[in-house]
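Dumping the structure here so I can ask a few things about it.
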Amino acid sequence: MKFSRRDLLIGTAGVTAGIVFTPVPWKLLGDVSIWSQNWSWIPQPAHGPVETTLSPCTLCAAGCGMRVRMAAGFPVGISGVANHPLTKGALCTLGYAAHQLNWHPARLLRVRHSGRASSWPEAQAAFAAACAEGPIAVMDGRPGRAASVALETFAAKHNGSYQTVPGPETQALAPYAAWSGVPASTLGYDLENARTIVSFGAPLLDGWGTPGRFTRLWSARAAGQSDPQLRLIQIEPVLSHTAARAWRWLAVREGTQGALAAALARVLVEEHLVKAQGPLPEMTLEQAAVQAGLPIAEIRDLAHAMVEHGPTVVITSDGDPAVAALNVLLGAVGTPGGIILKSKVIPRHGAASTAPAKFRATVIDASVPWDLIPPAQGEVFRFATWDGGDSKADWLLPSPGFLEELTDIPTAPTSATETYAIATDLLAQPQETQTAAQFLRKIDASLPDVDKSIHARCEQIFQARLGTIYAGQSKPVAQFESAAKLEEQLRKGGVWLSEPPRNATLHCALKIWPAAAATAPAAPTDWTSTWAPPVLPPLAAKLYQESTVREAPARRLA
Amino acid sequence: MSARYGMVIDLDRCTGCGACMIACASENNVPPAAPRATWRTGITPMLVHTLSNGKEGVDRREAFIPIACMQCEHETPCVSVCPQQAVELDKSTGIVMQMPQRCLGCRYCMTACPYHARYFNWWDPQWPPGMEHSLNPGVSVRMRGVVEKCNMCHARYHDALQKAAAAGKKKIDLADYVPACVEACPTGAIAFGNLADPNDPVTMAAKSPDAFRLLESIGTEPKIHYKTTQAWIRALADRNSGRPTEAQHV
Amino acid sequence: MSETALIDRRWIARDAERASTARFLLWLFPWVCLLLLGIYAAGLCFYYGLNQTNMDNRFAFGMWIFLDLSIIAMGAGAFFTGFLVYILKQTDLKPVLNTAVVVGLTCYSGAVAVLMVDVGQPLRAWFTFWYPNTHSMLTEVTFCISCYLLVLILEYIPVLVQNRQLRRVPSFLVFEHQAHKLVPVLAGVGAFLSFFHQGSLGGLYGVLRGRPFAYRQGFAIWPSTFFLFILSAIAVGPSFLMLVVAAAEKITGQTLVDFRVYRKLGFISGVLLAIYVAAKAIDTYVWLNVTSPRLGFGPWDYYSYWPFSSTFLFAATVPLGLLPAILFIVPRTARHRGLLLLAAALTCCGVLLNRFVMTVQTLALPTLPFDPFLKYIPSWQEVATFGGVLAYGVIVYSLSYRYLPMFEATKGEAKNVSLD
Amino acid sequence: MRRVLLVFGIGFALALIGGWLVFPRVLYLEKPQPFDFFHKTHAEKSGLTGCDSCHIVGSDGQFAGIPRNDVCLGCHSDKLGKSEAEALLVDNYLKQGDQPEWLIYSQQPANVWFSHAIHTQRAGLQCADCHGNYGESDQPRVYEVNRITGYSRDIWGHSMSRLRRAPGDGMKMTDCEKCHRRHHVEVGCLGCHQ
């Protein structure tokens, strides 16, 4: 029997007819669709239960309370802690994506020396050699931490200098500190008792200070009220988000806020709107008004509005003394609703030591802002978690990332109450990383370790028997049985708050009206300026790229 | 008793910070922007728009309006148009549900939505290497070529349901079900609640004289309400057919 | 003659006059190139996704939907001619019937092909059949178009098997003979399906309550656009057919159909167009004065944006609506071949403009009061994909013309062959 | 004509054989589990009676899934017996601290949300109602994965035709729906999807 072409055709027809009665076409049709629902190149989340832990945020000095959801050993979501005494359940905008930062493409996981790959032993050797040769500077961006103790001790023991790099919010308090003779770190803003807040460009509603503190306050006392309990007057050249929502917005000419402050001072004193008689600026009202580009009537109007509804406090984003002096005139330094001394301060190790002229090497802790340009001399050992780009450092040393390090969080710069919190290492510290304190301990094993310093601090708080611990609910320190119990509570995400602030009057020795800051200091230029890490979480692109609600930032993104 | 979950967003409290957008994207495993993505091709189930009174200089006023799916209750525009039942108005919650795995990506629902609250996955979702560990286990990642939108943080609803079941309760505790944007708002501008419950504070807020809805005249009965005391913001709620609008050219 | 030419000749009907193989290949060459480019562009869209297009979340439908709607309207000539010939017994239109079938087939299959590129997940497109949402106009469209495409294929097969080589298979001849009995039935079914989906394509936008520019009230579940789309489609179908035949005559240099057929097609187009313009005017009036204000939108919300001002409305009604209708109907102008073809071209442009307004303008106009007016320019991938479909249509028609008896005049020996 | 029928029939038969017998073998791929595990042995020897002895549902309703090493360590801190599986468990996993990477027969895809708590505690379903009598298994089961979808074969069920299936054999959406319909439980898409 010969197989013909015709047979082939008929056979094929038979197969075709038969295949319809098998699962082949139908199962394939379904499975191919399911395949399109499960493409292998599309990541899917891990399976398994989710656990929730509390921890303070370690990204900036504010130390907001976070609720961290963990699955399969990784954080999968961050939210605020409702009723948290500092943050009232809020976080900053980008904090909600902070758990993604550890995988940021700019994450540093290799030691780099002069732009080339290097190793920890080499860095260690280079630093040891430098230590042997000359004085060392150690720079700390967030003094008062347990790690700061190690940094400071090291500097002291090795003929070095411990220098702190104050953040913008501490810097803004510096004039008052200078005039009243107390450290800036002991000052804070009594926002809760203020009824008028005049902000010279401070992004109060946009991540200033501890974000939730002011936003909640504003929301309850100002938002949507035609005659608000809390008047927010924003003085800023552009209509920023804070300006848009302020009770009043005054568009001052760029870089002339000092002049406006002078004009206001003139009106306040000359029209006896304040008790103070001086000091008075040299500039006349007319001159100042011309500089600021504002009609005199408007300035006078503003001055009246400032005192109409006291207490009033003036807040600047940059610590311009000419603006700060307004608070002295207003009597807002050392009075409720103004700039006040923090509640009873539990003594900590001292402040920055003075700097010798020359250093053989500088160690920069990861807490120091990336854009700080280190002193030119000497070899720079820069600790950082992310590569913010364009580094001047000789050594780039990878630090543990978000939630990868045990650290404590001392009082936030703007806070009126002293606080303390502990962030445990919820994630294992990557082997490629070291903190500056760990690094220095390898040179000098006698340095106090972070764990011990935290114990000591908890012991101190326990002994002082002051304030309360908030962990879901408040419990007075006096009711704790032991320092260990207190520490345990703090390690579970609790926060210690000292007593309410003191009403200690501060005497400001301000005789002559200060000159406006010589060079206009870097006021917040974009909305990312309140964000401490040198990189933004990739999801920030939702705001600057996938919507029009924000201007694109100058900061490095992904 | 079925619930009708809805929101009242206080525009006077919105500072346009964008925390709701970030928290939403993080909760719902929305990928970061593709390199070429723009405001017209991005995925922002919660999106804050800037409103202005149209003036320039010192007379300019700005406000912000967060826009998510409006969860239209009546003649839900997207539900009826979907050819393969990938969208439905859930009977027990009133949530308009989008099922991306059923979606064929025809985008008809997107043309139907007057609020532009639906987003198409123009690109494959991509995260930097390793970042997939940070994905929320309660939400599956969408593939390219499908439409997605706000499902009112359904993973959180699931958790609340499960918690209620484990505790032997039939109804969820509303305290357990708080969408990410509501939780994240630093000024508490977004209130979330059950509009079917007359005693719910949100129901009462939705009835206040300051409350309004967007494009109410279209008649889709959105369950996202807004409120403001500012007349100029209120005027932007609806088109006024009698008034010629300013022609805008972008 | 070369080997290729010999083979080619064997597939062409005996005695039929056709261009030389070389000339034919030369003619096909640019079209094949365009087709390949289109396939490449579509391939890019499949491989990388729809980010290859310039569509976005706001312009979720773009050029493809606009042109799909347009070519499906143009393809309406297929079902409508079938309907006229077989149901209304207008047998004098029979000479263009085969052309109508081929045009319809290419338009519909081309549109379906583009739709498959247009959806984000073509592998799941069959879910519409498995989990249909009966309330959706798109379900109606999908079902009708797929069914009608099947009908068109069935209608095309009897034409196909008249090919000289295929005729040699005896069972095909039997099939053809039987199929001819079936054709009127198919024409009826096709007409039914087509009326429905032309309508549902109109309904597609007409039901969009959220887009007051497109939203229309209507009868039962169908908005008025449902009926207007049917009317405009059957008005433009004969016009487009006329243009295709005229183009074929021009290219082949042969007279393919009698001028009376043109006039008849033109007359049909003209009458329907006149009815359409009247209906559309009433519809626009009701929409602008009743439907739209009820949704809170007034004419200014639509017509204050350049370039979509009221000139579009005027253009679609007068120069591209009334004018061709008059040209078609008034005997003095209809006698003139040039004017007739001009009118046909204007009609096609009118329908194109209408489909453009319904799709693109609807999406460009803001709905939210604080929304901007949007622009959209298709990407080269979108244009190329559509170019591919155009090329596909030309190639299929060219091949059909060459190898199949499209017209009585060029049938060759296939004339008068009966089964006996 | 007879020849036509014959040839057609042969083609038809070939298609049937290929489609029903060969196709499943091509479509599914067998994969080994880390080591053999016997539910029955555990039930008999250790006196662990209920599934929830090891497969725990938390107080917030979260299902822990396959027990982690610390649960096993409760008994297996040292080798119990001389079997190969026991040695593998203790030496390769418990001592190393690595979790065995079990392939889960009833693993639903990422887009499915299934709450054990709701089904067992509210609806009162037994584990075996959906999973079959795995608790009594004394044979290591073969794990097969669908090469196209990546799903476990248990999702479709072992019978290609999906006729005559035992409980637990087949966990497709239609299986869920069938039970939901029977008990008049109506949930929307996102009732079970995520």
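First chain written, first letter: the chains are A, B, C and D, and each begins at residue 1.
Keep this in mind: contacts are C-beta pairs under 8 Å (C-beta built on N, C-alpha and C of every residue); 3 or more make two chains touch, one makes a residue touch a chain.
Just so it is clear, the model here is predicted, and its values are computed rather than measured.
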{"item": "Which of B-D and A-B has more C-beta pairs touching across its chains", "value": "A-B"}
{"item": "Chain occupying the middle, per Cα centroid", "value": "B"}
{"item": "Geometric centre distance via CA averages, chain D-chain B, whole Å", "value": "38"}
{"item": "Cα-centroid distance, chain A relative to chain B, in whole angstrom", "value": "29"}
{"item": "Distance from chain C to chain A - Cα centre to Cα centre, in angstrom", "value": "62"}
{"item": "Distance from the mean Cα position of chain C to that of chain B, given in whole angstrom", "value": "39"}
{"item": "Per-residue multi-chain contacts in chain B, two or more chains", "value": "38, 41-42, 49, 101-102, 124, 138-141, 143"}
{"item": "Two or more partner chains touched - positions in chain D", "value": "58, 62, 109-111"}
{"item": "Where chain A touches two or more other chains at once, by residue number", "value": "32, 35-37, 44-45, 47-48, 50"}
{"item": "Chain contact graph, described as a line, ring, star, complete graph or other shape", "value": "other"}
{"item": "Parts of chain A lying in touch with chain B, wherever the complex brings them together", "value": "36-37, 39, 41-48, 50, 69, 71-72, 74-80, 89-94, 96-97, 99-100, 102-105, 205-207, 211-212, 215-216, 218-219, 223-226, 239, 241-242, 244-245, 249, 251, 537-543, 545-550, 558"}
{"item": "Parts of chain D lying in touch with chain A, wherever the complex brings them together", "value": "3-4, 7-16, 18-20, 23-24, 27, 58, 62-65, 107, 109-111, 146, 148-151, 156, 160-161"}
{"item": "Residues of chain B that touch chain D when the two form their complex", "value": "86, 88, 90-93, 95, 97, 99-102, 138-141, 151, 154-155, 158-159, 161-163, 165-168, 170"}
{"item": "Contact set on chain A toward chain C in their complex", "value": "29, 32-33, 35-37"}
{"item": "Chain A residues within the chain D interface of the complex", "value": "7, 10-19, 21-24, 27-28, 31-32, 34-35, 37-38, 40, 44-45, 47-50"}
